[in-house]
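Following are the structures in question.
Consider the two complexes below, in which subunit A is the common component and subunit B and subunit C are the respective partners.
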Partner chain A sequence: MLETIPEFFRKLAETYPKWNFIFFYDPVQWERVLGGLLVTVQLSIVCVIFSVVIGIIGAWAQGSPSAAIRWIVAGYIQFFRNTPPMIQLLFFYFALGQFTPTVTGADGWTEQPIISNVGWAIVSLSFFAGAFNVEIFRAGIEAVPDTTKEAAESLGMTRLQTYTQVVLPLALRVSLPSLNNNLVNLVKTTTQAIAIAVPELLYEMVSIWNDYNSAQNAAMTVLFFTYIGLVGVLIFGMHRWERALFIPGFGGTK
Partner chain B sequence: MKPLLKLFTTTAVATATTLSALASSYAASCTNDSWNKIQDRGKLVVGIKEDTKPWGFIDTDGNLVGMEADMAQEVADMLGVELELVGVQSSNRMQLLEQGYIDLMIATMSDRDDRRKIVGAVLPNYYTSGTNILAPKALGFKDWSELEGKTVCGKQGTFYNKIIEERYGATVVAFTGNAEAKQALRNKRCVAWVFDDSSIAADLASGEYEDFEMPLQTEDDNPWALAVPIGERDCIFGRFMAGMQYEWLRTGHLLELEKKWGIQESAFLVKQKDRFKDWLED
Partner chain C sequence: MTNTQWDEGQPIVSIKNVRKSFGDLEVLKGVSFDVQKGEVICIIGPSGSGKSTLIRCINALADIQGGSIQVEGQEVHDDDLDKLELRKKVGMVFQQYNLFPHKTALQNIMMAPIKVLKQPKAEVEKRALALLKKVRMEGKENSYPGELSGGQQQRVAIARSLAMQPDVMLFDEVTAALDPETVKEVLVTIKDLAADGMTCILVTHEMGFAREVADHIYFTDNGVIVEHGPPTTFFDHAQDERTKAFLGQIL
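This part shows the complex of A and B:
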């Protein structure tokens, strides 16, 4: 059985030279695809988590009594939401990357920065998606009635307690559908990390079809289906979460 | 009436197809699609590089210029049509030609066996280059084998990334463009940038890389080919471009273009000029 799959794709490539699924029968290329997929999955998971955390903290800071903090959050959102993620990646890696501390390599010339290209991709993509998440959570927070907040206040809860224990749990339920959309976008945006040579799935696939020109159509097809799969897993998880959190009157259905 | 009409049209179409098939059998199924398209719209669309100074690059005014842009202009002038230049990258140049977005590709492409299966590379080869590295003088590389285990910056779409990794055990970090790859080298993220020796020589001559050198023996010297759509390689377009290249090489015109763009005179072109010399000329 395991032998027939590589055999099938080898035959296919012989019959249709434009459909060379080389990675399904050449172990070296298969390793490259798996390596790229692993980086994509890691990048996606880490960025999803960071961006949600940034969104939650940012939305809280937006309601801060301090005008300075509100200004900083507003500035952050304007900067990251209004510039293309590709330019952010290039800017972070090439421009800011020059000023971060580096470790001089064994040869005495190369300087390995403390933040690698993968690190910058995580920073940049998390902040990019985080800026949208702040606004998404704000929409949810504004949907929580003032009377609820006042009730919490009258029970003697502090601003932080009100936020973490009353407002956020309710706001999260309202925010989930738009959060879904943004996180799906984030997973797809990880492909742009190819600009700073992060060896994610698109990078590996482009490298493969450059090395084996006949593999181009095959690589593109597999890319499509892989992202459909990855996003599918994310959406499935988010829907499960949405249903688990369901309470009447705060969006969603059981 | 209607079925009769249908039958009539079908017969007419079938007859026409048979006739045209007979007519073109002398030139093994040449449809000359691109060639005819160029004449019909009065415009030639040529793909050249946008980041490979001085062959094809974007100048300070934002125009695509370079030695290959000049060559494209001469092709358009000879055809008597307008020229439109399209910036291409190593990783998409063949696809753009294959899909018909460009009619002709003159984009520093190494002429490789597997590439000839996709695009119609036209002989004689108009240029050549080999693989070398741009590395800091401080590291003092002497031999390719010293790259083992080191990180080398490269560009997506060049054929030697794989060779460097397999033959010398270096790790190639491939960027999408030359500008990014060279910036990464200047930021000291890698020990060297691997690319065409002729392009590296041009960079060194520009004076922007004073602390760098091209220290190794050039490897895998590989002629370049311009390309027409593969179906037209042995048709009018391919033959026409073969003639253009023959004249460029015979007259030494490319040597003049090299001078114009500040490229070191290449031994290859001198040799070709001699090879195609007119025997009646004194």
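This part shows the complex of A and C:
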């Protein structure tokens, strides 16, 4: 059975030369696809986590008594929300990348920047999605009634305790649907890391079809289905989370 | 700052010539009164007369522009005020209950003692269960606020406040949002508290209740205390025209 799958695709490529699913029968190409998929998954997970953390901290900072902090957050949001993520990525890698220190590589000769292209992709994409997450969480925070916060205050809770114990758990529940959309977008936007040669799935697929022109249609088809699968997993996870956070008598349905 | 001078013979809450404005609107125009330990006082008056504002100033949820408010000898409106110390002494119950919707009744009660007072969980839980019993809500510890009636939520809110073991309780129209049938169960809870010797400052529209539990009644109108006295004098021999007009409408 297992042997028949490569056989099938090898035959398919012979019969229809425009549909060469080479990675399904050539182990070398298969390794490249797997490698790319792994990078995409890692990049997505790390960026999702960082962008959510940035969103939570940013939304908290937006309510800061310090006008300077509020201005910094507002400026950050404007910059990252109103410029194309691709340009942000190139800017981080090529412009800021020049100024980061380098370390000598293992061979003792080459100089390696301490932040690699993968590092810059993580930074850039996390801040990009994080800017939207700040706004998403802020909307959730604004939906928490002032009187609920006052109740926490009158019980002696500090601003931080009120935020972590009361405001955030409630805001999160309100924010989940929008957060869902933004994180789906983030996963799709990781493909832009190809611009700085991060070996993620799109990068590997393009490399394969550059080496084997006949694999182009096949690679694109596989890309579409892979992303449908990846986003599906994310949405499934988010819905599970939404259900886990369900509280009787407070918005939403189980 | 320190309250070493304060002893139980002195007023537990002392309000002197308090002024409070929202922008150009002066809401409290020099309000003064004292509350002794164990006393129950009721503040009544027409809507917008500044009752909620006054009560919120006592636990520093609102600031004041003039005068002084002392709780156990400590000035509340002092820049160096330790708000945590104040809020350990003063509990507050709101008209809209304001329970935390994502926590069960028991968790609502336990949260502040654990997070704020840093008391051991087991001890807090024991006290919380006893308090639920006291407000006649045993069996509902695992219900979320959304699953409770207004009156039940309000009783949990009272228990939540009591769990901080305050010396003074503030109640701001805590039955105003309730159905007539559930009003009674909440009033009974407050009556029990008063009978236990808790110092209570209540804003209320329940005149029968005020007459029954209050040691002293204050009538506010337009930012000043127009008239005050023990319930019998106040209700049966009101002097001021505004008080008479108000009581005439209500009773």
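The definition used in the following text is that the second predicted complex is superposed on the first by the 243 of 254 C-alpha atoms of A that agree within 3 Å, B and C clash if a C-alpha of one lies under 4 Å from a C-alpha of the other, contacts with A are read in each partner's own complex, and residues count from 1 in each chain.
The rule is short, and it goes like this: a contact is a pair of C-beta atoms (placed from the backbone, for glycine too) under 8 Å apart; a residue touches a chain by one contact, two chains touch by 3 or more.
From a predicted model like this one, the values you see are computed outputs, not experimental measurements.
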Touched partner set for A:Thr83, first subunit B, second subunit C, both or neither: neither
Touched partner set for A:Gln165, first subunit B, second subunit C, both or neither: second
Which of subunit B and subunit C A:Arg173 touches, first, second, both or neither: second
Subunit B versus subunit C as contact partner of A:Thr100, first or second or both or neither: neither
First (subunit B), second (subunit C), both or neither touched by A:Thr148: second
Which superposed partner A:Glu111 touches (first subunit B, second subunit C, both, neither): first
Partner chain in contact with A:Gly249 - subunit B first, subunit C second, else both or neither: second
Contacts on subunit A seen with subunit B and repeated with subunit C across the two complexes: none
Subunit A contact footprint on subunit B (complex, rising order): 90-91, 94-95, 114-115, 117-118, 136, 138-139, 150-151, 156-159, 161-162, 173-176, 180, 183-184, 187-191
Subunit A-facing residues of subunit C, complex: 59, 61, 83-84, 87-88, 90-92, 94, 96, 98-102, 111-112, 115-117, 144-147, 157, 160-161, 164
Residues on subunit A engaged by subunit C in the complex (per definition of touch): 145, 147-148, 150-158, 161, 165-166, 169-170, 173, 247-250
Subunit B-touching residues of subunit A, taken from the complex the two chains share: 17, 90, 94, 97-98, 102, 107-113, 117, 194-197, 203, 206-207, 210-214, 216
